[in-house]
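Labels run A, B, C, D and E following the written order; every chain starts at residue 1.
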Amino acid sequence: MPDRIASPVGAAPGTLAIDPGAKAPGFHCIVYDANQLDEQRPASVADLPDAAVQGVTWIDVVGLGDANVLRALGARYRIHPLALEDIANVHQRPKVESYSDEELFIILRQLDAHTDDGTEQVSFFVRPGLVITFQEQDGDDLDPVRYRLRQGGPRLRDSGADYLAYALIDAIVDAYAPELDAREAALDAIEERLLSTADEDDLRALHQLRRELTFLARAAAPVRDVVAALRRATTPLMREETRIFLRDCHDHAARAVERIDAGREQITHLVDLYLSQVGHRTNDVMRVLTIISTIFIPLSFIAGLYGMNFDTRSPFNMPE
Amino acid sequence: MPDRIASPVGAAPGTLAIDPGAKAPGFHCIVYDANQLDEQRPASVADLPDAAVQGVTWIDVVGLGDANVLRALGARYRIHPLALEDIANVHQRPKVESYSDEELFIILRQLDAHTDDGTEQVSFFVRPGLVITFQEQDGDDLDPVRYRLRQGGPRLRDSGADYLAYALIDAIVDAYAPELDAREAALDAIEERLLSTADEDDLRALHQLRRELTFLARAAAPVRDVVAALRRATTPLMREETRIFLRDCHDHAARAVERIDAGREQITHLVDLYLSQVGHRTNDVMRVLTIISTIFIPLSFIAGLYGMNFDTRSPFNMPE
Amino acid sequence: MPDRIASPVGAAPGTLAIDPGAKAPGFHCIVYDANQLDEQRPASVADLPDAAVQGVTWIDVVGLGDANVLRALGARYRIHPLALEDIANVHQRPKVESYSDEELFIILRQLDAHTDDGTEQVSFFVRPGLVITFQEQDGDDLDPVRYRLRQGGPRLRDSGADYLAYALIDAIVDAYAPELDAREAALDAIEERLLSTADEDDLRALHQLRRELTFLARAAAPVRDVVAALRRATTPLMREETRIFLRDCHDHAARAVERIDAGREQITHLVDLYLSQVGHRTNDVMRVLTIISTIFIPLSFIAGLYGMNFDTRSPFNMPE
Amino acid sequence: MPDRIASPVGAAPGTLAIDPGAKAPGFHCIVYDANQLDEQRPASVADLPDAAVQGVTWIDVVGLGDANVLRALGARYRIHPLALEDIANVHQRPKVESYSDEELFIILRQLDAHTDDGTEQVSFFVRPGLVITFQEQDGDDLDPVRYRLRQGGPRLRDSGADYLAYALIDAIVDAYAPELDAREAALDAIEERLLSTADEDDLRALHQLRRELTFLARAAAPVRDVVAALRRATTPLMREETRIFLRDCHDHAARAVERIDAGREQITHLVDLYLSQVGHRTNDVMRVLTIISTIFIPLSFIAGLYGMNFDTRSPFNMPE
Amino acid sequence: MPDRIASPVGAAPGTLAIDPGAKAPGFHCIVYDANQLDEQRPASVADLPDAAVQGVTWIDVVGLGDANVLRALGARYRIHPLALEDIANVHQRPKVESYSDEELFIILRQLDAHTDDGTEQVSFFVRPGLVITFQEQDGDDLDPVRYRLRQGGPRLRDSGADYLAYALIDAIVDAYAPELDAREAALDAIEERLLSTADEDDLRALHQLRRELTFLARAAAPVRDVVAALRRATTPLMREETRIFLRDCHDHAARAVERIDAGREQITHLVDLYLSQVGHRTNDVMRVLTIISTIFIPLSFIAGLYGMNFDTRSPFNMPE
C-alpha cells in the first residue's frame, strides 16, 4: 500500500499534507465530570470548549480534509507542528511522544474495513482535563466509550483525562478480537478442507488471509508497543491507578499480536501441506500413467508386430 | 482457536464474560497445618473458610459458569476486578501479577484433553495463609498434591501458602512430561516408517502432531516464563526456601519447552524427508515410463510401418 | 556489487583511493543568516568561504575525482585523514563519527538512479557555523533545501549548522518514499496478475524487484541507525531543539525500512504463490495426459490385436 | 527420545526416580596430594573416604540403580535432595547450581555410544577437598585424568578440587572433537558424491547425520553454557588460577558447538542440492520422453493411417 | 573440515599438538624506531632480539612444525602455556585475550588459498616494544606493512607496538576485499546467465560459492568481533590514538562481513530462481507432451480401428 499522500519530498517539517479525498472535519464534544455530562457538535474551532478545570473535555475530530481547521486546532490547543503533520499524514507508525511534561501525543491504528489495508490512523492529544482524538472516518470503535460515559459508570466519570485515554485505547485494542475470530474460523475451515483435498482456490484464500493478517500485524504490534510505552512513561499525566488498567490493556494487545502470529504460522504450514498434497497427487497420477503405459505400450508393439505384412508381394517385407 | 467467549468489545474493564457452556462453580476446601487437615466441600461462598492464621487454607474452585459466585468470591477475598475478569475469560496468556505486596495472582495453563487446544486455564490467587485455585473442569493434575497433603509429608504440611502454590505449579508442569513422551514416541514411529516408505497418512499425522505441539508450546513457554518470574519476584510472599524449589520447577518447565521445540524441529525435517522421497519416487516412476516409452514407441512405429498396405488396389498407397 | 575502487590492499590508513571515473570536484557555497543569503560557485579551495561566525556556511562539494582538492579541503577545514579516506572511497557503511567534541562526520546514502545499486554516498562534515557536503554526482535530493533557504522560511534561516544538517538529512530520507511507492505499485500489479496466471516474466520481475529492495534496504537501514545515533549523540553541536526534528526524521527513516521489509516479505510470498501455481498446473496437465492415455492406449492395443494377421500363410502366426 | 524414567507425575520434589535398568552403583576413589596418591574401590558408602583436608578426594560413582545408596551418599556428604533427584533422573539439562557458597553442583552430558541419543549424564558435586562424580556407565572419558593423576604431572596434583573439576570437565569437552571429526568426514564424503549423483541412500544418511548432530547440539550447547557460567560463578570455591583454564575449556566447547552448527547448515544445503538435482534429473528425463513421443507418436499415427483397410469387402471402410 | 591435528583427547592443558605436516619455523625480525630499521633472519631462538626499549621489535615466526622451538619462544618471551597451545593448534576461533595487563594475545584468520577452507591462523603476541606474529605459511598479507616500515612513513615508524599490531591486523582485514570482489563478480555472472537459462553447472558453481563464502564468514565474523573487542579493551597497552584507527579497521571488517552475508543471501535467491525455472521448464515440456499425446493417441486409435481385419477367414473377427 503506497503512501500516496505523503508530504512532497523535501518539504519543510511541519508541512500539512492534506489528502484531497479526505473528509471535511466535524467535531463531537463531550464535557463531563462525576455529576454531569454535556454533549455538543460545534461547527467551528472557535466554538470548541476549553480543557475542563474539573472533569474532562473530550473533543473527537472526524475527517482530516482541511488544513486550515487543523492549523486552527493546533494554535488553539498548542499542538506541536510536527504532531499536526503526523495527524494529517495518516501513514504514521503507531507511537507515543511527548513534546512537554504536561502532554502526551499518541498515534494508534484502529480497524476500518473501508481502507486498503483494513486499518485507519487515530491520533490522541492528551493533557490534564483534555483529550482530543483525530479520526479519518466515522467509526464505531469509540462508541462503546461514549455509551459508558452517558451511562455514568463510576470509574470512567470519576477519573481524569488519563483514564479516558486508557478507555479509548482499550476500546481500539478490543476491536481486534472479533476480526481475529473471523480470520481464525476461516483458517480452520480451510485446514479442514485441505486435509481431504487440495484446491487452488484454497491456496488463493490462504494468500488473501496471509495478506490481511500481515496488515493486522503491522497495525497491532506497534499498538502493543505503544501501550507498553504508556505503561512505563515517566509523565505525571498518567496516574498510577490508570497504569494498572494499561497493564491489562497491554495483555490484550499482546494476545492479539500472538494470535496474528499464530495465524500466520498456521498459514505457512497449510501452504506446505497444500504443496505436499499436490506433489503427492502428481506422483499418484504419474504412477497410474506409468503402470498403464508399461503394460500396454509393449503389448501394442507385439500386436503391431503380428500386424506386419509379410506378403511376398510387398517390397517392404522383412528378409526371412 | 478463536476466543469465542471474549468480553463484548468496548465493555468496561472488569466486566465478567461468562462462557454460557461453562460449569457451575463447585468448591473443594482443604485447611491444614503440620498437625491436622480438614477437608470439606461447602455449597456456597458464605460457607468458605477464611485464610488460615496458622497453616494454610486451599480453596479449589472448579467451574466458572456463574458471574455472581465469582463476584462474591472477589468481594469476600478482595480480588481485584481485573484479576476476576482474567479468571472468567479463560483465554489469558499465562502471567504473574500482583495488585499489592501481600498477594500474587498467577495464570497458568494445564493440560486438558477435552478442550480444543488441549489445555485449560488455571488461575491462582495467593496470600499469606490462603491459596485459591480456579479451574474450568475437574482435572486430576492437582490430585497428587491433595494426596501428598493427606499423607502428611513433612515439607508440604509444615510450609506456608507459597510452598503450596509451588507444589501445585510443579504438579502442572510435571503433567506435561507424559504428554510429550506420547508425542515423541509417535514421532519416532513415523520417522521409522518414513525412512522406508512415504505415505500421505503420515503427512497428515505429522501435520496433526505439529498442531498439537504448537498448542503445547503456546501453553508451556509462558508457563516457564511465569515460573521464572516467580523465582525473581520481589514480593516477600515468596520465601527464600521456596524459591530453591521454584528453580527446580523452572528447570522442568524449560526442559518441556525444549522438548516441544525439538519435536517441532523434527517434524520440519520429517516433512522435508517426506517431500524428498515423494520427489525421488516421482523421478523413479518417470524414468521407468521414459525407458519403456523410448524403447517401444519407436519399435511400434517400425512395426506400424511394416503393417502399411501397399496393395495396388488402395488409392492411399505411397507412391513408390 | 564489488567495491571496485577500494584502497589498494595494505595501503597506509588515510590513503585516498580516487575512482578514475569520478567527476572533478565543483563547489556550490551558500552563506546565510536570518537576514541575508549569499550564493557562489568558487573555482578553487582557496576561494571557499570560512565557517560563518554568525549564520551558517554550507559548502556542497560535487565530484570526488581529484585527490589534491580533497587533501586541500582536509587541510583547510581540519578534516581527519581517516574521514577524508571515507569520503573518497564511496563504499562506506552509513555511520556517524566524531573526531572531536566540536565536529560531526556523517556518511549517508542517497538515491541515485545512475549507479549500479541505485544509491550514492553523501558525506557531511558539520562544525559550528559550517556544513560541508560531499556528493558523487549532481543530484536534486538537496535542492528542496536550497529552495527553502532562498525562500527564507523562518526556522531554517534562523537556526544553526545543526538544523541545516538535519534539513539535509531529512531531504535525503524523504526521497526514499516515492521510490518505494513505485516499487509497491509494481508489486501490487504483479500480485494481481499472479492470482490469475503464472508467467515466467513475472518471476523475473519479482527477482529484479527483490534485488532493488535489497539494495534499498542496505542503504536505508543504516541511514535509520545513523539518524538514531545523531538523536542520542552527546555532542553539544546538536542542540535540543534540533533533536526533536531528528526524532521526526528517524520516524520517516524507520517507516521506509519497514516498507522495504514488507515489500521483501511480499515478494517471498508471491514467489511461493508462483511456485504453488506452477506445481498445480503441472499436476493439471499431467492429469489430462493420464486420462487420455489410460483410455486410448489400451483401446489402441485392442484395435492392434484385431489388426493382427492370422493368415495361415504367415510363419509368424500365433499357434492356435 | 522420551524421558522414559521421569519421576511419577506430581511426586514430591526430591523423590528419587530410579531407572529399573540402571546399573548397581560401584565406587572408585582416588585420594591424592602433591606427594602421594591412594586408589581404592570400596564396596559400601560407609567405607568411602572423607573430603581430604590436604589434597583432594575424588569419588567416582558409576551406576545409579540403587536409591538407598544414593540416599546414603546424600546423607553422608550433605547433598541437597533436589540435587540427588537430578542425579538419579538422568534427563536433566546441563547446568551449574550451588545450594551454598561452599559447594557447586554441576550436570553435564558426556558422549556414550550405548545410549539412544549418544550421550549420558555426568554429575559433579564439588566442595573444598572433595569431588564426587556420578556416571551412568563405565566410560573412558575420565580415564585420561586418572592417568595424569597417577603420572603425577605437577599442576594437577598440586592444585585443589576446583582444578580437578576443571580437568574432568575439560576431558568431557575434548571428547566431542573426534566424534565431530567423524561426522564431518562423512558429510564431506556425501557432498563429494552428491555433486556427481543423487542417491536416495545419501538422503537417508544425511537425515541420520542431522539427527546425530541435533543430539550432539542439545548436549554440547548447554555444556558450553555451563562452562561459561562456571567461569563467571561468584563462588570462592573456584579460584582465579583455575578460571583461566576454564576460559580455555570454554573456547573448546564453543568451537564444538560452532562445528555442530556448521555441520547442520551444510546438511541443509546438501539436502537442497540433492532436491535440485532430483528436480533437474526429472526435467531431463521428461525432455527425453517428450522428444521421443513428439517424434514417434505422430509418425505412428501416419503409419497406422496407411495400415487402414479400405478393402471394399469390409463394412467398416471409410466412405470414399 | 575436521580438526585433524587436535590435541589428543584428555591431554593436559598446554600440551603442544604439532601437525606432522607443518613447516619448520623460520624467523624474520625487524627492529625499528623513528630513525633506523634493522632487518635480520636469525637461525635460532637464542639469536632473536629482545623487546625494544625505544622503538619496536617485530618477530615474525613462519612455520609451526617444531614443538621445541615454540617452547623455547614461550620460555624466552614468557608466553602462557595455554596461549602456546592455541598457537600450535591452528584451528582456534579468532579471539583476543590477555594473561596480564601488560600483554595482549590475539588470534585471527588470514586468507590463504593453499588450505582446505581458504584461511590460515595468524597469532599475535603484543607487549610494550614487542610484537610476535605466528603464521603457518609464508604469505604476503603482511608484506605491505614491511614495505611501509622500510619506506619509513611517519606514523608507523613513530608509533609503538600497539600501532604496529593495528597495521598488521588492518592488512589482514583489507585482504578480504579483493577475494570478495572476485566472488561477487562470479555471482553476478551466474545471475546474468540464470535469468536466461538454468544450467546444472551453475547450480554446482553456486554451491561451491556458498561453500567458500561460508568459510569466509566463519573467518571474517570473529575477526570483526576481535577488532571490536580490541577497540574496547581496557588494557593500557592499546593507546587512545591507536583506537581511532581500530575503529576504522572495524568498519572495514564489518563491511566485509556484510558483503559476505549479502552474497550468501543472493545465492539463496539464485538457487530459488534456478529451481523456479527448472519447475517452469518441466511444466512447459509436459504441456508439449500432453498436447501431442492428446491429439495423436486418440487419432492412432481410430487409425488402428480401421486397420482391424474383419476378414471372415479369421476366427478373431468381431461378431457382426
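The rule is short, and it goes like this: contacts are C-beta pairs under 8 Å (C-beta built on N, C-alpha and C of every residue); 3 or more make two chains touch, one makes a residue touch a chain.
All values derive from a computational prediction rather than experimental measurement.
A straight line joining the Cα centres of chain B and chain E is 46 Å long. The mean-CA centres of chain A and chain B are about 28 angstrom from one another, to the nearest whole unit.
Of all residues in chain E, those that touch two or more other chains are 275, 279, 282, 286, 289, 293, 297, 300, 304-305, 307-310.
If you draw each protein chain as a dot and join the dots that touch, you get one closed loop, with every dot joined to exactly two others.
All chains join into a single ring; listed from chain A onward through chain B, they run A, B, D, E, C.
Every residue of chain B that touches chain A in the complex is listed here, in rising order: 1-4, 6-7, 9-13, 80, 82, 85-86, 91-93, 95, 97, 99, 200, 203-204, 207, 210, 214, 218, 271, 274-275, 278-279, 281-282, 285-286, 288-289, 292-293, 296-297, 299-300, 303-310, 320.
Against chain A, the residues of chain C that register as touching in their complex are 141, 143-145, 147-148, 153, 155-156, 167, 170-171, 174-175, 177-178, 180-181, 184-185, 195, 244-245, 247-248, 251, 254-255, 258-259, 262, 265-266, 269, 272-273, 275-277, 279-280, 282-283, 286-287, 289-290, 293-294, 297-298, 300-301, 304-305, 307-310, 314-318.
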